[in-house]
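Letters A, B and C mark the chains in the order given here, with residues in each chain numbered from 1 onward.
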Amino acid sequence: MTRRYFFSKLFQALLTILIILVMNYFLFRVMPGDPVSMLVRNPRMSPEATQRVTEMFGLDKPWYQQFGIYMANLATGNLGTSFIYKKPVGGIILERFLATMLLTVAAEVLAILGGVLLGILAAWKRGKRMDVAALGFALVTYAMPTFWLGILMVALFAVTLRWFPTSGMLTPALSLAGFWQRLPDMLWHLVLPGVTLALVLMGEYALIMRNSLVDVLTEDYITTARAKGAPEGRILRRHALPNAMIPMVTLIALNLGFTITGALQVETVFSWPGLGRLMYDALAGRDYPLLQGIFLITAIAVVGANFLSDLTYRFLDPRVKE
Amino acid sequence: MATLQGRQTTWSLFRANRMGMAGLILFLFFVLVAVFGPILWPYDPMEFGSPADALQPPSAAHWLGTDDMGRDVLRGLIAGSRVSLVVGILATVVSMSVGAFVGLVAGYLGKGVDAVLMRFTDVFLVLPWLPLMLILAALLGASLWNIILVIGLTGWAGTARLVRAQALAVKERPFVERARALGASRWGIMGRHVLPNVFPLIFANTILIVAVSILSETTLSFLGMGDSTRPSWGMMLHFAFASGAISNGAYWFLVPPGLCVLLVVLAFTFMGYALDEVLNPKLRRR
Amino acid sequence: MPLLDVQDLHASFVIRQGTVRAVDGVSFTLEEGESLGLVGESGCGKTTAALSLLRLLPPNGRIDSGKILYQGRDVLTFNAEEVRRFRWKEISIIFQGAMNALNPVQRVGDQIAEAIRLHQPISQKEAGKQAQALLERVELEGRRINDYPHEFSGGQRQRVMIAMALACRPRIVIGDEPTTALDVMVQAQIFELVESLRKELGMAMILITHDLSVLGDTCDRAAVMYAGQIVEIGPIEILFQSPCHPYARCLLRSFPRLQGPRSMADSIPGTPPNLIEVPPGCRFHPRCQEVMAICSREQPLLLERGPRHNVACHLYGKGIDDA
């Protein structure tokens, strides 16, 4: 791929991030009930604390300078201090970030595998029961609230059947144990939340895969491959799938916002110690710096992932114009 | 634009579509429940039962058991239908208005305005909607009107894109050029000529947006941003979760609210897809 | 024994409105090294007949009856594995519009090599070398084996298709309107290339075409198809100078080659029949200038008129006394 493509996509990504930063700033300065100024007017705050907050946010300076301070703060990774935890927001988010990544990646992998397989089956048996069943599955998982699915999973598999733990990432008793003892335990905890999130994503992936494959199978080059004497298996693997998978990459990237949203809900229900649970607690405690930080980080993560997928797409489809 | 002939054909086409009809029947069922239910079986969420009545399994007195406060789950469901549907529809109105406005302006005015608005729209499309909505909801405070506003202000991007595409196509048509030649103002043209022609094509999309809005409201309420004096289905699930209904195995409280959401969303989704097939015949049958 | 002997082939496909009898009793033979042209209006069944030879009909199509004898063996009785081995190695096909006939995400060299390796146990490297040589044979640069289809022009892509079609040295090559999408200059070059390669490798060819000038230049014999049947088949000289069947006459006789290709359909009034509900009698009789009473009742059989020249018309058959 050429440098021009790379830099053009990079520029777009950075521009998007800039817009997000600006949005984030205005959210908290311009909205009614601006928490920062409310905080400052809080009579229970000591004069020193008020002074500190005023200094930190530059509340006594004109708005463009405040914005400058905001950007400077961001550049140094200063996302403010959490009201609840009294620690820098950046640090808290970093701690929880890995847990969310673990859940999201595991679920995505499962969803992609499942979705692709289901999509292939549905396309192959187009119009028949398998196809209708797959479509039905996709519709139903799309229509149900993610957290509700999580609730049902916990109730059924953890509480009633007792096959899996009800919450958390680790059994508390093992928190001081060695890595190799913690790993299987963590995987055991990962199953329910991971499967829940995967199910929600899988439906749409299966649908897109199916439609994409159905389209590809009507293309002329499939007939050519058959005319050459290629067996059906090879046609699927070497000709149909590589072409059909291309829209999937775009879809996965576009869907990342939805994936994050799903992960947040799942974490809340399963008390998975990631950003989602953090968000739930921050919301309950009206911890604005924390909320703001989570929004920023997740938004930037999505933009970053989209950027990566743009690069991958170019790698998969040599026809993409530059 | 829709002649009597045209309207008849649309309806008969829709009627032939099984998915659409299934959706319509479900939709009508819930509308009836929402409109007449609370009148026939009034529900006062402030009327708590005694603690001993909390989380009781289904019985003759309470067909779907009781919730964490000893209230009848079925009555809560019926009352909740009104809240969930109304909030979903109003939120859609807001998001469609914003989206249509942005799309119309961008599509019709083109060039610089279009570029800026579309970049903005793209950002909104990419953003994870839940964190954004939660922040807005937290800032504005927990209430149903705020939820409506919040959902509307975050969900407009898809509609904007759709409307813009249609506006681009419509603005090239002869009758628009004639209006321009006659000296009509830009806003006049957009309002009186472009908009009415764009509308039928985005109607199907509107139905689908209602489905999304209802899901959004449910999620926001579950996370605590709803109104406890007027509990929606999402709010019921919030109470269920917070009160430990899960560990108590109170399926009668956990399953029905979510199931209702599922069915209503399916109803709107079916209708939306069916309408899309009927109104946009370019969509091939796969 | 002829190389290819098609006997009374019937093929149809199912659409919403009914079953289309696309090929309704087609018979012809093909000798080694001979080139046969298949001409007719769109929808007359030429492509379906050709695809049937390779058993490549789409999912809604099927071969209803008949025999396709290749070197004496009936292709229609082959099992799946035999069909796969037969395809491309014995008969290959150059599709119309190589725009979509080549896999867009696979390198051109790999696609040609694939054709080779499906029928010969050789290494990837060796197949790659052969692919390179083939590209050079069709007057493209050998190093372009690493290019993707979209990096070639339309004419170049067709050359790639030709290279691929020849990769296994088949006995018969089918050309399904291989140059329809190209401009006249490129068309001429492509045909020159195909002809020289064909003579060099001793391949027979079945050429489906609209273009009568090409027909005249490249084919030894021609078969005129109408509504799923062959109405006349014979040596090219006879067909051009004194065609017998009224339909063939309209198409072929008064055609001056100098003026380049011309679509055939516009000069004959009327439209081809509905192939779902086929009218009785001769298919062409509603549009025929020399129609007789018997034509609306009985279908004419394909009868011999001269050496390797057959016509299906009552004018030359039993009812000739009425003329």
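Brief remarks on what is shown
The criterion applied here is as follows: a contact is a pair of C-beta atoms (placed from the backbone, for glycine too) under 8 Å apart; a residue touches a chain by one contact, two chains touch by 3 or more.
From a predicted model like this one, the values you see are computed outputs, not experimental measurements.
Under the stated contact rule, the graph of chain-to-chain touches is a line, running from one end chain to the other without closing.
Put simply, the chain farthest from chain A by mean CA position is C. Our note on geometry: chain B versus chain C, Cα centroid distance of 57 Å, whole angstroms. Chain A and chain B have Cα centroids lying 23 Å from one another. The residues of chain A never reach two or more other chains; the list is empty. Contact residues of chain A toward chain B in the complex are 15-16, 19-20, 23, 27-28, 31-33, 35, 126, 139-140, 142-148, 151-152, 154-155, 159-160, 166, 211, 214, 254, 256-258, 260-261, 264-265, 268-269, 279-280, 283-284, 286, 288, 291-292, 294-295, 298-299, 302-303, 306.
The touching residues of chain A, counted against chain C in their complex, run 219-221, 223-231, 238-239, 242-243, 246, 316-319.
Those residues of chain C lying in contact with chain A across their complex are 54, 56, 84-89, 92-93, 95, 97, 99-106, 114-115, 118-119, 148, 150, 164. Across the complex, chain A is touched by residues 119-120, 122-123, 125-132, 134-141, 211, 215, 218-219, 222-225, 234, 237, 240-241, 246-247, 249, 251, 254-255, 257-258, 261-262, 265-266, 269, 286 of chain B.
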